Amino acid sequence: EGDDFERVKQEMVMPPLVPVHDQVAKGGPKIVEVTLEIQEKKWEVAPGDSVWALTFNGSVPGPLIVVHQDDYVELTLKNPATNSMMHNIDFHAATGHMGGGDISEVNPGEEVVFRFKATRAGVFVYHCAPGGMMTPMHVTSGMNGAIMVLPREGLKDEKGNLVEYDKALYIVEQDFYLPKNADGSFMNLATANESMNEMANSIKTLIPTHIVFNGKKNSLTGKNSPVVNVGDKVLLISAQANRDTRLHLIGGHSDLFWPGGKFNNTPYTDFETWHIPGGSAAAALYRFREPGTYAFVNHNLIEAIAFGAIATIKAEGE
Amino acid sequence: EGDDFERVKQEMVMPPLVPVHDQVAKGGPKIVEVTLEIQEKKWEVAPGDSVWALTFNGSVPGPLIVVHQDDYVELTLKNPATNSMMHNIDFHAATGHMGGGDISEVNPGEEVVFRFKATRAGVFVYHCAPGGMMTPMHVTSGMNGAIMVLPREGLKDEKGNLVEYDKALYIVEQDFYLPKNADGSFMNLATANESMNEMANSIKTLIPTHIVFNGKKNSLTGKNSPVVNVGDKVLLISAQANRDTRLHLIGGHSDLFWPGGKFNNTPYTDFETWHIPGGSAAAALYRFREPGTYAFVNHNLIEAIAFGAIATIKAEGE
Amino acid sequence: EGDDFERVKQEMVMPPLVPVHDQVAKGGPKIVEVTLEIQEKKWEVAPGDSVWALTFNGSVPGPLIVVHQDDYVELTLKNPATNSMMHNIDFHAATGHMGGGDISEVNPGEEVVFRFKATRAGVFVYHCAPGGMMTPMHVTSGMNGAIMVLPREGLKDEKGNLVEYDKALYIVEQDFYLPKNADGSFMNLATANESMNEMANSIKTLIPTHIVFNGKKNSLTGKNSPVVNVGDKVLLISAQANRDTRLHLIGGHSDLFWPGGKFNNTPYTDFETWHIPGGSAAAALYRFREPGTYAFVNHNLIEAIAFGAIATIKAEGE
């Protein structure tokens, strides 16, 4: 299916960046080639607090993929021989085959290629789902990201008119469950496999030890703050692969927020806070009207401040 | 009210089955007679983990009731003399009288009959609500279910066109809070009353010990998996009487998902995951396009895998 | 901006009351003057369980403010010299300047005046946000409330027709995290500052010790129950500044529920339960059809009964 379509290769970029893309599709459906390399690596989620992160392309979240509705995604998933575990990928944007999970299992030293058609418009989670307890443990070790499937004719506002964004930011919340020693300190584990053994207990608390944006506490604050211009319409693309969250832009709103993150529904206007059920991606559009700093938070303010789920966005200009 | 309406008796069936019903109502409003018998019984929620379940008709959830808007439900609630507690029933589909809770209190050895008009279309929770701490304890011991009130003219899609389903499945999440001994093992309690005494403490953690679909871990997996045919439009009827959940069909979506589970609202399309606030029922329609296994999960993947909130649906055919 | 507009002073009233207001705006936009005085005070959240409450005007929640879209709110925020801490106010209804948070910081013995334009219609949270850990601690010590910004032409139902309410009730959920001694009893703290020191630990559990409506267990039950008349259309204005909740009126429904609490979206009908993500306000309209008592609950029934999130509304008449 789609074998005679034009092929384009999408260059992955690091979050919060989004790949170069057209908002309104040019020409007919394409095969979009995407390559993701799995990296297992030690990861400092907050100063002094380390975890074994399992990642797509070395970032938490994995990179954003952007296609148009009816494009095919041809994914190459590489699991280098230096890794220790089998992984795979389940795309919530795909249909059948466990979202691709049952045709993408890949052992260390192998790679797999598979293709799916992006039949539905919206932002969708992807994540590793190797089966049994490995599924929640890989997902809460960072192994998730999002794909944005744009309508071919672009996004529409609540009145059905085309709306184009000036910038897009990709900010994803991750809950971590670091295993603890008997004295309450965090374990310092030698390997990713040891981490899996211990997390089988730590995740059962259902209470994370860290809740952060883009993988690490303060990854998007201070000098790492995303910058926008006053007047910009910014598409805030977010996701939470496991746990409910509620996002709020301090001093801002969503001008448009698509129900369930799915673009063929009429967007809402004026939300102060938007809820993301665990296992969903979300998209909100906001035009920055005032210069200054806007904190972007999980508005369980304990989770924002005491656990780490806060970014700051700087709006420059007049 | 409704005294001269035609009477029909609805045969209750075990979840995940739904009673025989018309999708488009034939003729005028009816009195639908439903009988529920309360059963208090020892219940193995997971291998080796027992609880005293409080049930409507012996299943968790209680059986699905299906009527049409403007029908009357005439409920006979039987509390056999072998039971130990007073119970009642609160229908979220009813108006006034504490949803029926204050006119349905029934002691062991008694039965009660009451009638309400189903004025609103949608899926709604029903549950026991005997008052005070007994209310959360009965509900989290399994004493809840759902009623589906169909519009007389049937369901409509997002464009307002009639949509008919080929099959319906009734899959309800239950959170249990098993009391624990000081060493962390689960208590083995001799009576339902002892269970109530201990649960007054265990529920206060707000962290369940088990989160399962249809009453028991693996009640809907392996050889118990519901089976559908490729091409079927399946109505997934679900509920959570107490605690928020977020449902996802791995490899699938909702083609239609009704806001708040209420059919007189325009349905959304394309959701990857649908949120159910505790105390709500939900309905999603999906046409299975591919053969194979679809896991249906609470997409807090820890709750799905480590706590039990997972089913598998098998789609047969080509 | 707005300097030559007519000025009106709004008299604050105690929750669950709402200030006198027009539903349909008379004349053009106005400057609405509001004064809030911060009070730090010992507070009995449940019999025998005390906390240092931080409050706007001495109530939890702070008083409801009501304006129309395009009105200006001119807020005077007073921090008496008898208080011990710096406070401020962040309005989710405002644009820029951290919702007003960065231009409203006020030390004990000072007052501040600032103005913002209510550009969006809906109910919105306001709260203290003094920075760092003080933000979640002040908010979960009671320092939050709501503002209702009505469309100038009034509210509309799902068909776009004007809908007027006969009464409005303002019922807000508050999660408290009382610090505990080693033996599990609640600490009895001498000052608000000591309370802040201890709450830096207690909030990290993410599990509240109390979840109540309007600041105290049983503040809206028994003889304190709000009273309505049968036939009244009642606007139920609610909020949760920090933690998700799910509201249900036992024996009732929402005839109209505005997505995200924002009035320029088409309201839903018939909800049994409405979800509020932490950091949002909500509005539901219900016409009471039957006399009797209606419990209004957080339908995590454990949170309603064991933690305190329940009110009762009495409907009088025939």
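Observations on the structure shown:
The first chain written gets the first letter, and so on, giving A, B and C; residue counts start at 1 in each chain.
Everything below uses one rule, namely that a residue touches a chain if its C-beta (ideal position, glycine included) is under 8 Å from a C-beta of that chain, and two chains touch if they have at least 3 such contacts.
Note that this is a predicted model, so its numbers are computed, not measured.
Rotation angle for the C-alpha superposition of subunit B on subunit C: 120 degrees, rounded in steps of 5. For the self-contact between subunit A and subunit C, the two sides draw on mostly distinct residue numbers; the shared fraction is below half. The geometric centre of subunit A is 33 Å away from that of subunit C, both derived from CA atoms. Of all residues in subunit A, those touching 2 or more other chains are 207, 244, 259, 275, listed in ascending order. Within the complex formed with subunit B, the subunit C residues making contact are 158, 207, 244, 246, 248, 250-253, 257, 259, 268-275, 289-295, 297, 299-307. Remark: subunit C residues 90, 92-99, 101-102, 120-122, 124-125, 129, 132-133, 135-136, 139-140, 200, 203-207, 241-244, 259-262, 264-265, 275, 277-281 touch subunit A in the complex.
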